């Protein structure tokens, strides 16, 4: 059974949203998605899925606050503690297991509500073995991974800088990207070194926003639209929760991609995928993730990056939306923003940043520090 | 390959190492105590900002949906049943009826309270039936409270109000 | 149409500050307890899988991959730096008074590693550097990972 | 759009789902093991019963309630390795207290969709980490602006709901206390039980008041513990056992956040969830077709409330059935034969051990001393959570 995306909606993305409660940004995104799909949530939707984590929100049981603003009152509604792409996987399973014909997935970020962001991430670390060590911001954990990775793959500062340059400039064409800018290699290299070898500008700043997708089975999708975007494959994978058994090489993304590609019938990703949106909440992660998705070979990716292979007009455009470096760190909605960009591109609705060839697109997200888990979704027309 | 036998009894054994609070205090087992600083500033948004500002003025405000005709309290910016934005704002009275109540002897950390407090769900007059809020009752003995009792809000003095739900000190019986 | 009306005057917008007012007491667990009690005596242990022979550090009571039991083995606690970073910002992203060097240290005799602080000059640290742990004075040890003050070049 | 016309298509799943093994740790006020270690113990037991090794597991579902108990942000990620999630697709699902039955529902859709043939479901909770008291962990369940300033305790909502239920149906506390007496006695036969004891109705009525009408013995205790369940596709089940237990129906529903806007006397969220599960399981008359039930009983009145929501009793009738002994272990409709949360303990999400796991053991005739007297073919388990909002229901049967 095939599963289609029949409606998308979003609210944001902004560095801050002082005027709207998180329920209200969810409502905005949901209304737009239902309008886009042409459905009434009170009548037509069989399952609602929210992707959220308690401590990102400041609640003990966040699930309580989910149904009203999605139109889900007294209907099958649940929370997945994971990225938006995990929610897509759940919706996919709901539809293929016959539990639902139309399913809705939501994820949001109200990162601006968090006053002690560093403390919140630190709260995710193993309390016995890791959390107690030192006083630094937990970004250090990503920097350790970066240090190991660039050492293994002989990646230079300029090569990492070219990721920032590409994404920040791509974001200039995206009206929903608050952190776009005309940035050059020099600007990046002048950014202060905060967690050697990581510079400040290589860390994605936080942003607010919500994304809602409406998914349907083949039969309903064909009734709703003449040109559905298909969710061809979805995969999610966890390496481990321990720093000693982690690969620090984005194996989670490689395994998740393998699962998603298998489902989508993709055998040679580098050739068959037209463009991708990958997690770049730290600049080096983009290079790592491109390799893990099989879009280029290990040891070659950074060189290709500098050569413009992944530019908007390159062979294989990556993060045309501006990525997290341009749009911001959207917490669990990170994968949502990525999937949204892929769907808009496939529909030809991406405005000024529309790609000429967009038939198969991939979205990928990671679960952020200190995890080694992530998900991948493949979309096609 | 069938391993299951009807006569095995599950769970077969109970594994785990129970410990007592003293074991921690006496250092019999090692542990780590953490006081993380998890702070937030939740945006109140459209509906609740207005509600809080009206509380400061000593008024209760609700919202109305023209489709189902409900007057909703506490106010929200959308009707969750019709799934549409609200149509109007209306003031409701600061009187109401007790829907259900409890006499609490414990605080949020399960420590005993010096004096029990009475908590109730109060359906507010002027809103649709059963549109209640949770609040506390005062000026009444626990044994005198009953479901269906009419109550009225007792407000803080105007200068003390800060635009918070606690601007209402408690609700007291009337009539 | 999403909303019929919105608040225009920014001074009428409100927010509400709050804190998760809790604290937590984490037991070290079966394997953790074993390790920290040994550490109090100045000894290091790791856990070896009885099935596949993989030696885990931090020690655990199970093998993560084949779910069989483990047995404790003694190790020296010394190791080699695999990666390091000089952290200059604190939890609020303000500059740290003194930058901290964090390192992933592969421990001798194990397949595992420890993430801990390094006490050295940043310019002297290199990948592959041999390091050893410095423990708190014996009577000050509490049975926590911070009983290891830091690692230093050996 | 006219979705109604083709609704008949629903529940056309790829494959059936069977349960072949379950396990749980002991449940105590405080255990020394970390959450990971507890998960490992439960998983190990489930694998042993099923006759599988961890290599046979394709995907893992984790169910765990609020992060404030274990004291870890993204606690699903933390618990990953002890739950067998290393190097596998692993996902944590969450509907507050309802997770105990929701996690197996998630396991169901992993298998029914055909994505996995063998799915491991693990539920864990370590409430003792949370201080000053495990109940404090619930401080964050309230709306931060409208409710938290009133310094509420979790028990309030139960007390308010219980009072409303007693008022509408004119039920006496003595009748409700019978549930606590029954479940705590049933738990004497459970090896993992935390608060199994022989008590009387008077003991309940005279116990210390918490938030009246709720008294100490009306409430289940906070616990540490874990439970695991293995769900497989039919072709795997056939290799493992001649008598697997099948999942016939699943259902869940979430009611509005505005709990003060509802009449609390009836759990309509459970009724909606049951409707979905019964439709799927072709159950038209639950009173006749259900042989054994495990409704969620964190409070004694909750068992009665949920029996009514599940359609096992008419509105207001559940206390009468209890009084008549219908719900006893040797009665016509044995309810909470495990001892439930009131007797065995309440490690929020890990209560899967006395709900879904217990129902599986009852239907597989492996419940030992707890095995109900009558012959059983079909049973229902249910959990509930959030701000009196979510109902999760699963129907199982040992006949196909």
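By letter and in written order, the chains are A, B, C and D; residue numbering begins at 1 in each of them.
Definition applied: a contact is a pair of C-beta atoms (placed from the backbone, for glycine too) under 8 Å apart; a residue touches a chain by one contact, two chains touch by 3 or more.
These numbers come from a predicted model, not from an experiment.
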Intersection of the contact lists for subunit B and subunit D: A, C
Contact-richer chain pair (by C-beta pairs counted) among A-C and A-D: A-D
Centroid distance [mean C-alpha coordinates] between subunit C and subunit A, Å: 28
Centroid spacing, where centroids are CA-atom means, of subunit A and subunit D in whole angstrom: 33
Chain centre separation (subunit A, subunit B; CA means) in Å: 35
Centre-of-Cα separation between subunit C and subunit B, whole angstrom: 39
Multi-chain contact residues (two or more partners), subunit D: 30-34, 36, 68, 71, 81, 86-87, 132, 136-140, 144-145, 256, 258
Per-residue overlap in subunit A, given as positions that touch at least 2 other chains: 18-19, 24, 27, 31, 40, 55, 58, 67-68, 73, 115-116, 119-120, 122-123, 127-128, 132, 240, 242, 245
Shared interface positions of subunit C, touching two or more other chains: 2-3, 6-7, 13, 15-18, 20, 23-30, 32-33, 64, 144
Overall pattern in which the protein chains touch one another (line/ring/star/complete/other): complete
Sites on subunit B touched by subunit C in the complex: 17, 19, 24, 27, 29-44, 46, 48-50, 52-53, 77, 85-87, 163
Residue ranges of subunit C in contact with subunit A within the complex: 2-3, 6-7, 10, 13, 15, 17-18, 20, 24, 26, 28-29, 32, 56-58, 64, 82-93, 96, 100, 102-104, 111-117, 122, 127, 144-146
Subunit C - residues contacting subunit D, complex: 16, 18, 20-33, 60-62, 64-67
Residues of subunit C touching subunit B in the complex: 1-4, 6-7, 12-20, 23-28, 30, 32-33, 36-37, 142-144
Interfacial residue positions of subunit A with respect to subunit B in the complex: 17-24, 27, 31, 34, 40-42, 55, 58, 67-69, 71, 73, 110, 112-116, 119-120, 122-123, 127-128, 131-132
